[in-house]
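Two complexes are shown next, each including subunit A; its partner changes from subunit B in the first to subunit C in the second.
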Partner chain A sequence: MKAHPFRLSPGPANALPLMIFLLVGFAAPLMAVIAYSFMPARTFGLLDHPSFGNYIEIFGSNSYISFTWSMLYAALTVILLAPICYPIAYGMAKVFGKWSPIITLLFTIPLFVSENVRLYGWVLFLIKNGVLLGTLKEFTGLNLDGPLYTRWVVLMGMVYVYLPFMLFPMSLGVSMVPDEIRDAARDLGASRWQVFREVELPLSMPGVMIGFLLTFVLAVGGIAEAKILGGQVIIPITQDIEIAFTYAQNWPLGAALACLLMLVVGTLVLLVLWRFDLDKILGRRARS
Partner chain B sequence: MNQRARHALIWVWTIAVLIFIYLPALCILLASLTKSRYFLFPIRRWGLVWWHKTFNSIEVHQLFQTSISIALMVTVIAVVIGFFGALAFARYDWRARPLYQRLVLLPIFFPQTVLGLALLLWFNAMGLPLSWHTAVFAHLVWIIPVVTLVISIQVYSFDPALEEAAFDLGASRVQVFREVTLPVLLPGIVSGSLFAFLLSWGNFPLSLYTDGADTTIPEYLYAKMVAGYTPGVPVLGTVSTVTAGVLLFGGYWLYTTHRRATTQANNE
Partner chain C sequence: MTTPTPILILKGLTKTFGNFTAIDHIDLDITEGEFFTIVGPSGSGKTTLVRMLAGMEEPSSGDIILRGARINDVPANKRPTCMVFQSLALFPHRTVGENIEFSLKIRGMAKGERKQRALQLLKQLRLPADYYGKSVLKCSGGERQRVALARALAFDPEILFFDEPLSAIDYKLRKTLEKELKDIHRETGKTFIYITHSLEEAMVMSDRIGVMRAGKLVQVGTPDDIYSKPRDKFVSEFMGDVNILKVTLEGKNQLACPDFEKRLKAPTVPRGFTSGHLVIRPEFMRFVAKKTDADNVFAGRVYNEYALGSRIQYQVRAGGQVFVVEKLREQASAHINLDSEILIGWDARDSVLVGE
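Right, the complex of A and B next:
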């Protein structure tokens, strides 16, 4: 096709609508949050004198407790999900064969049901006179209080909600490991553990790292688990942000807290995403 | 441990995790089948009363209407923009593509509650009144990138030589698009639409802050869970899960029969 001075080449031309949308729908709102975070407390406009007041208030407050909870729980979720998901990811890529799509679908369905509803299923299971304790009482006469509204249940809820976000990138990663290399390592006398450590893990690393990243980032912004399963035992940072926006009617303070969270999330995402070749991770399965 | 035992172990583990995943859905189903107003287990009086009540409620009809309107509008817009976005993502080589690919992923790697609040601020700063229209926009910010990614995976397996062959045979640009590109990428478009519809249907954090006085089903369910539980909550919860399952398995079934038909046609 002839080059035309006013016509974009096909790549940028196809990307244009999406880029414009993200500029208006993603970049601009984030700019608005940053702008609000410098406005005086309890104002709703953007026309006041900017100041660092909100940030100073945050550093003097106990918001760091919520920050710590969110980070800790997100990290624990990642640590727990890695060994839970790896065997399944391996199975989906190498063991399940014709059953693999069915199993993938079964893990996908919960993603489309609001997490509030799914977490409420756990409430029904764990609550006093619920499915677990009610049955126990019926058969043994024991009348227990149950683990609902404890920190452990919040953590379990996070493991439950974020499992697919670890599993799917991980399985893309595992499917990047060519069978020949693994077989060659076996033939050369490597033990199963050595094959895992020296061949499978390093070659599936891009998918594994993206799974870690996605899980951590979404978990650090998690709020429903603590609200529904946790009563008030922990307050995650997102809930602090929400309270500032709603009950406290202090948008600038909420915006400043959101900016600090975005700083953490943004740094992590940029660090990890820029390291890996996305074409390889997403395209490999289709091409092989 | 030999390979057979290891594979068996992987199967057992996967099934155990699936049970963990579906346990809450099962509890929700059980809770919807009681005749009584409160949830006490074991259930003494089973019945479908609450299913009848829920489906005959005008309020619930209204909720369905809002949720479906949002989801349909999101699906149409997300698939159109995502389709072209996916061509730029995976089909064409261009200089800024690596940067573009990462920018597209950013909204997916972002806490949704924060995104919802950011959009609330933005709509307020723009002076836009909140309604289900603004909720559509909010859903799109997250769903367009997901759809782009889903269609991209299909585009990666697309052979550009097909398009070139059609051009060589004298087809116009529009013809090539309609007769070659679109049909080959159809499975990606179908799964992209399914994802768009279902993700919008089940979304809570974005709707919560951006739809103003309009209410979607997940929002209604949350409000009811916090105050005023009735077994209508598990009824609607079960409906959501079953809808997602039916649509996904239906889509998969269509895809496999379609592929079997085309491979058969190619072999003849």
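Right, the complex of A and C next:
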């Protein structure tokens, strides 16, 4: 067959629809955000002379406080979720057997309900005279103020919301450790703790790392927990971005904040991926 | 020579899973230093049995006695035994050296001493010393086998268990590794308990063989015993291609077979035998010139011929039966061609009578 200059070979031809979709739906908006971040403050066009003005303004402002809150709370969420999820993940992969799908379902069903609705549920539960404190007052006469609108509740909310994103990759990671390797380590004299430390944890590391990254990235972008459960007790960077785009009507500043957040989180993720070569841990590439 | 002492004694060992009896009252003595092979088809319970011996599965009843001490409740990590798994179960995130040293590290041996032991084992297993730092994932199938064996030998266990480690390996390499394993057994003098579904593999390596069927040990004996005196039809069939004729005893040493009008001359009749099977190994079948050249002779027609390397296998249709006849290549007669009419026969002493 004669090659036509405008005819694509099957590979690129099949990839074309997806490429167009990604360009229009993902790359273009991202580019627009990046472009806006270089526009003069409080403008709405993309044709002005680009400058670093917004970035300079950010570095002179107190945005670092919101940045720190977001990073700190995301990190704390990951740190708290790791020991909570590993035992459940282990159970789901190795212990629960036929009950495992039901437990998976129990962790999945809440995801069908909007995050905001679930958080307002917590508000109703924790608010003064709400489900928890109201009941307590009714029975004991104690009139407590309750934990709502504190930093601890924001953290609890984040742990609650992001739990499945830590749990499922971890469970996958644990299930990838072959039973015979566990048995072999035990047979060679390892105690249960040694089996965990020497074999189980390192071999389930790919799943654990994916859980860490996923949870961290999602938690850094979290806004509803601080808004709904925290009142104004902490302002995460996402709320600064939202304010810049809405009340302040300063799209370029919001875009610059968003770009900085992407840069910081992206760098962190790449650093972690580089440090923990997933393929190497998995041994996949070497095996094939 | 002193009487061999049993290192391991199994007494009425039983394992049930719900209503299913995987291991059914096994009694067995394993002699110190012997190479004992358990053969059986898949599902016969041999893996369950060896997992109980290694401490990875708890017996439902019965006792496991190691050097006089009951070890039923001793967990795997406290038993002086080690297993080489079917999948080998090497630690993929570790080097060859780290794999071999694992049990020593667990036992708190110093680093230098550990390395020395690992290098000694590499040498013993004919692996180059520079494999010490190599990733196990970069080793070939045969090398991994050796690493797994070195890892199992490292802490000097008293008994080594093998759960079909050679089953996924191609024929030629398997043959080499079987011989190496036998050599290692001789060099180390340790007790080996080996599991396989291939009786051929068992014959090559073992001092004694136990044939398993549906959770029971059907026959225990030397390879020679199992080969020449199979206890029942199951064991004889397990030996590969054999000729099995359904027979009933008539008179003192005559056998009636529904496929033939003629009576067959029987070998030594086991006590109490009335009906069962007559087993004749294919290499004991002969092509004969006249009807008086063997105890039992039949006229037949050659209808198939297979070259099996050093041997040639013929399938001969005689009466209602297809006989398998095997001859060494250099003994194969020129006049035996496909479709030729020939006489085949065997002597009564070359056959065995077995029960159902």
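Quick note on the criterion: the second predicted complex is superposed on the first by the 251 of 288 C-alpha atoms of A that agree within 3 Å, B and C clash if a C-alpha of one lies under 4 Å from a C-alpha of the other, contacts with A are read in each partner's own complex, and residues count from 1 in each chain.
Following the convention adopted for this analysis, contacts are C-beta pairs under 8 Å (C-beta built on N, C-alpha and C of every residue); 3 or more make two chains touch, one makes a residue touch a chain.
Everything numeric in this text was worked out from a predicted model, so none of it was measured.
Among subunit B and subunit C, the chain that touches a larger number of residues in subunit A is B. Touch criterion met: A:198 reaches subunit C, while subunit B stays clear of it. Touch criterion not met for A:209: it reaches neither subunit B nor subunit C. By the touch criterion defined above, A:183 lies against subunit C but remains apart from subunit B after alignment on the C-alpha atoms of chain A. Once chain A of one complex is fitted onto chain A of the other, the partner contacts of A:80 are absent, as it touches neither subunit B nor subunit C. Of the two partner chains placed around the shared chain by superposition, neither subunit B nor subunit C is touched by A:58. In the superposed model, A:255 lies in contact with subunit B only, and not with subunit C. Comparing the two interfaces of subunit A, the one with subunit B and the one with subunit C have residues 283, 286-287 in common.
Of all residues in subunit B, only 1, 6-7, 9-11, 13-14, 17-18, 20-21, 23-28, 30-31, 39-42, 81-82, 84-85, 87-94, 96-98, 100-115, 117-122, 124-125, 137-138, 140-141, 144-145, 148-149, 152-154, 156-157, 198-199, 201-205, 209, 217-218, 221-222, 225, 233-234, 236-237, 240-241, 244-245, 248-249, 252 touch subunit A in the complex they form.
By the touch criterion given at the top, residues 178, 180-181, 183-191, 194, 198-199, 202-203, 281, 283, 286-287 of subunit A touch subunit C in their complex.
Looking at the complex, you find that subunit C touches subunit A at residues 54-56, 75-78, 81-83, 85-87, 89-93, 102-103, 106-107, 135, 137-138, 151-152, 155. The residues of subunit A lying in touch with subunit B in their complex are 9-15, 17-19, 21-22, 25-26, 28-30, 32-33, 36, 44, 46, 84, 87-88, 90-91, 95-96, 101-103, 105-125, 127, 129-131, 133-135, 138, 160, 163, 192, 213-214, 217-218, 220-224, 228, 238, 241-242, 245, 251, 254-255, 258, 261-262, 265, 269, 273-274, 278-279, 282-283, 285-287.
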